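Below are two complexes that have subunit A in common, paired first with subunit B and then with subunit C.
Our next item is the complex of A and B:
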């Protein structure tokens, strides 16, 4: 086996881990990292996106439109959840833990009762390609590109658009934003919906590759939280480097010693980063800049 | 039950005798209680909701036919939520508060080992109606599921002959996966093969890119997948999309989690499974059972091997109680010791082995085709759970209440 094969395989595994971490985390980065709502129902927004995607694909829609439908439905559910529950708990962050945990239990059990214990998969598109001795799934490359695309879109949204500026202003100093005529309630709703929609997008993108069950959100939640915790408050400057660091550690450890050590390595890396950089990677980057 | 009491009272009123009503009411006061602890939610629910339904079906049939020794069978059901601590909590509750006569409990081996000491401590009586890694030598337990000498001693030599001698094991990382992998290693070695590799996957893991690459690197002739829980089942879709294209063998997949129904063809192509029952088995007994099941639970997605194990266990229990004329464990074990507790189950004839209190099975080799249809290239009839007895476990003489493995066999007397 030549060096190019090794390099490509290492890069592919890194990209795969990076895509999973970033796509799991980006919705939570908005809701938890930016807004400060500890959303334990994040996995269930992902499950919602995956289920809607699979259901629409079964109904005959092509996969990209199915993923779009999953994203939109999750965002709409996000609006409802924000109006009904989260809105009343912005200054009670610990209570959001209980409320969103309750929501996640209701969503998981409700799906089990209404849709059943499993849902038929939709199949991974695009097939595979060969590099050296190994064959790879093309869809995994699509996921990596999607992760990069989502990061770029988030950066553009929060830095270059009027909504992004208003959202950051509202979350940093709400009463000042309100005094300047910003409808802060609307901004909160839209930002929360944006986070929920991103979670739905992650679910839709991973739906073809995974088993569809009511508990599937649980397989994303650990990766999502650790990425956001070590990323810090800035969506782009936090999530992107955090995803990068953790993906290097996880893919290297997994290829060296298997899945168990990949998970151990991931968590040890998280502990070290949190210890050294208490404000997360974005806190470190931004302090260096100013 | 209140309905039957009402009907009895109405009949009594009509005939003018209160005798009928009072005997029914008396019987209803004195049911045989069967505790049911199975996962109806959580990671294992897909494979185990059918077990609860199978027990309900059998209990309904038995009650309609007059119960056990004239006593109705009453189910005390709790949802254990795929959580080992729930098993311990509810096992204490059914034994201490509900005072059930027998408990049917458990899917994962971790949950069985979590509740088994409690059954032993409170002197209870439990059925484990699930295939597992084997080796439980405990007089308080009856195991109706298949064990490695039934599933692997048949499957692995078949696969090695057909595909080659390099074997890779991908197993769930807990007692079931670890001990099953030990069995695979042992049988591969006995048959002159070699392990190309092994990887153990923590429960709940759903991303397999690196594992897939490790398998491709090792270049095995086939892969033994002992993946447990719905998250780990994602492996098949991901391996198929990376074009791994290796034959697979398993003792748990398809027969429990009906992966061939859930994933899009051809991701489970060339998967071989040894199972004692799946709904595709084409025999009159199997068809009859399947039809009854679907009539009672029309939306059941799949009737798997653990559903059949649970169904036949209720009838075995009925037979043992009626022959022992008691629900006491010691009386029932005297009947088991006679060595002729057998029945015609949907899979074929099954018998309880007195030494290990495990069960003989008909083992079907199921092959998943490219279109995910099932064919049965081979069937082994009356495969006995011989390993424990040969290794030195004899519950008719001594009850060590322990679990043994090939590397940790019972102590020699």
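Our next item is the complex of A and C:
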């Protein structure tokens, strides 16, 4: 095996880790960055997206439409949750964590009761290709592109659309935005729906690659939280670079010692980074800029 | 002598609900009933009560860190698990002779506390606060669970103790008190009951004293406004770290007692669900008061067990609903609310009488 295949393999691993971190974290990061709310039911929104995707694919729809359906259903559930619970807790961030944890318990256990302990999965599309002695899944490349696509779409959404401008205004000075006629409650609802929808999208995208069980959200949330903690409150200055840094750590540790050590590496990285940069990467970058 | 008296005067104060002869009379009555209870019951029920008591320690630890200290920690179950596993590893390796199990209990709690010092240093001296603290502690807990769950192979052992992966460790010796002639083995019935009850009463009273002392007042001041506490000259980080370590030791005690009670410990005792349950007890009871936490924990545990008989699947959903509703409707906790209400009625009655 020559150097080129090694390099390709390393890049592939990195891309895979990057896609997983960014896709699972961006929904959480949007909600946290815009609203200061940590959504502990994030994993369950991902689960919801994956389940809806699998169900629609079983019903005969093609996979992309299934993923779209998963995204939309998650976003709708997000609106309901925001209206019923989150809305009443904006001035109590710690209580939001507790309440969303309660929701996560309800969702996990409720799914277990209603759907059963497992659901038939969806086959991974596109097959694989060969580089050197190893074969690689094309779908993982698609996931990587999807992660980049999501970041680009979020950038466009928050910078170039009216909703994005209003949302950022609401986040900066809520009272001022409200005084200028922005319906801040609606903005908060939509932002939460956006985050929930992104979680659903992550679930839909990863549905073909994993077994669908009610506790599958737990496989995402640790990575998602770690990325958001390291990244800080800003999606572009935080989540994306944090995803990049952590992907290097994770893929290196994983190929060295296996899956578990990849995760331990993430945890150690997060503890060290928060000791050095308490506000995450984006806090650091923004401080340098001002 | 006066120092001791001053200490006992701290049993009641601004940070704890309940004062005066009425409260302490009730406390003595409850304690007397608890002491006499095994005489009127069978071994199984007493053992089950021990199981309830074991969880009160972890609830108290969360009450201390979250309710009084204002830092939401999801990591209590991590300390619970670390101490439980440590006890198992120590006793399986060194046996139960010469009162070693008691030493192992202390050592296991110390190991959990040491881990808390390490983790707490990075968190509090990195000034992680609020929601981030919750996330980091949660990540640590989940990581530990995953780590222990994959230790199934025979290569994962410490001395003679196999870690056994997802099935967990079992068959560690119960607590044994060395006694001339025959050592007293505390199986999960009357013997362990009195030990745990004694520890519980001790910890409860000690925490009351601690919280009403100047240390406790500083902790509450930090919860109310960290900047102000810092301006007044207190090293916020140090106080938070000490609280965190005390809490971790209590959670560790809970873990050791749990391991001793059932003679097993599994990785799922550190999982998401296990981490959520203490939060529910404390939130429903009333996180900012010790007495409410104890009562709330026992009541919710009893309700949970009763529900489990009719359908364990629905019990967890019910717990989730209970948690969400408590946070939305009675953020200070149901038991605390009820106790404050009773207190107001009592004071109104005494005013009318006087």
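The definition used in the following text is that the second predicted complex is superposed on the first by the 290 of 290 C-alpha atoms of A that agree within 3 Å, B and C clash if a C-alpha of one lies under 4 Å from a C-alpha of the other, contacts with A are read in each partner's own complex, and residues count from 1 in each chain.
By our rule, contacts are C-beta pairs under 8 Å (C-beta built on N, C-alpha and C of every residue); 3 or more make two chains touch, one makes a residue touch a chain.
As the structure is a computational prediction, the values presented were derived from the model and not from experiment.
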(request) After aligning the two structures on subunit A, examine subunit B and subunit C and state clash or fit. (result) clash
(message) After the superposition on A, what does A:109 contact: first (subunit B), second (subunit C), both or neither?
(response) both
(request) State whether A:5 touches subunit B only (first), subunit C only (second), both chains, or neither. (result) neither
(request) Would you sort A:208 into first (subunit B), second (subunit C), both or neither based on which partner it touches? (result) first
(message) Tell me the contact category for A:117 with respect to subunit B and subunit C: first, second, both or neither.
(response) first
(message) Once chain A of both complexes is superposed, is A:172 in touch with subunit B (first), subunit C (second), both, or neither?
(response) neither
(message) Taking the superposition on A as described, I'd like to know which of subunit B and subunit C A:133 touches: first, second, both or neither.
(response) first
(message) In the overlaid three-chain picture, which partner chain does A:159 touch, first (subunit B) or second (subunit C), both, or neither?
(response) neither
(request) Check whether A:229 is in contact with subunit B, with subunit C, with both or with neither, and answer first, second, both or neither. (result) second
(message) After superposing on chain A, which of these stretches of subunit C ends up overlapping subunit B: 76-84, 94-102, 112-120 or 148-156?
(response) 148-156
(message) By the touch definition above, which subunit A residues appear in both interfaces, subunit B in one complex and subunit C in the other?
(response) 108-109, 112, 215, 218, 260, 263
(message) For a test of understanding, state which residues of subunit A touch subunit B in their complex under the given definition.
(response) 9, 12-13, 16-17, 20, 108-109, 112, 116-124, 126-128, 130, 133-140, 208-216, 218-219, 251, 254-255, 258-260, 262-263
(request) Spell out the residues on subunit B that touch subunit A in their complex, using ranges where they run on. (result) 41-43, 45-46, 49, 173, 199-202, 204-207, 209-211, 213-214, 216-217, 230-231, 233-234, 237-238, 240-244, 261-264, 267, 299, 301
(request) Please give the residue numbers of subunit C that touch subunit A in the complex, ascending. (result) 70, 72, 119, 122-123, 125-128, 130-132, 134-136, 138-140, 142-143, 146-147, 150, 272-273, 276, 279-280, 283, 313-314, 316-317, 319-324, 327-328, 331
(request) State the interface residues of subunit A toward subunit C in the complex, per the touch definition above. (result) 32, 36, 38, 40, 85, 88-89, 92-95, 97-99, 101-106, 108-110, 112-113, 215, 218, 221-222, 225-226, 228-229, 260, 263-264, 267, 270-272, 274-276, 278
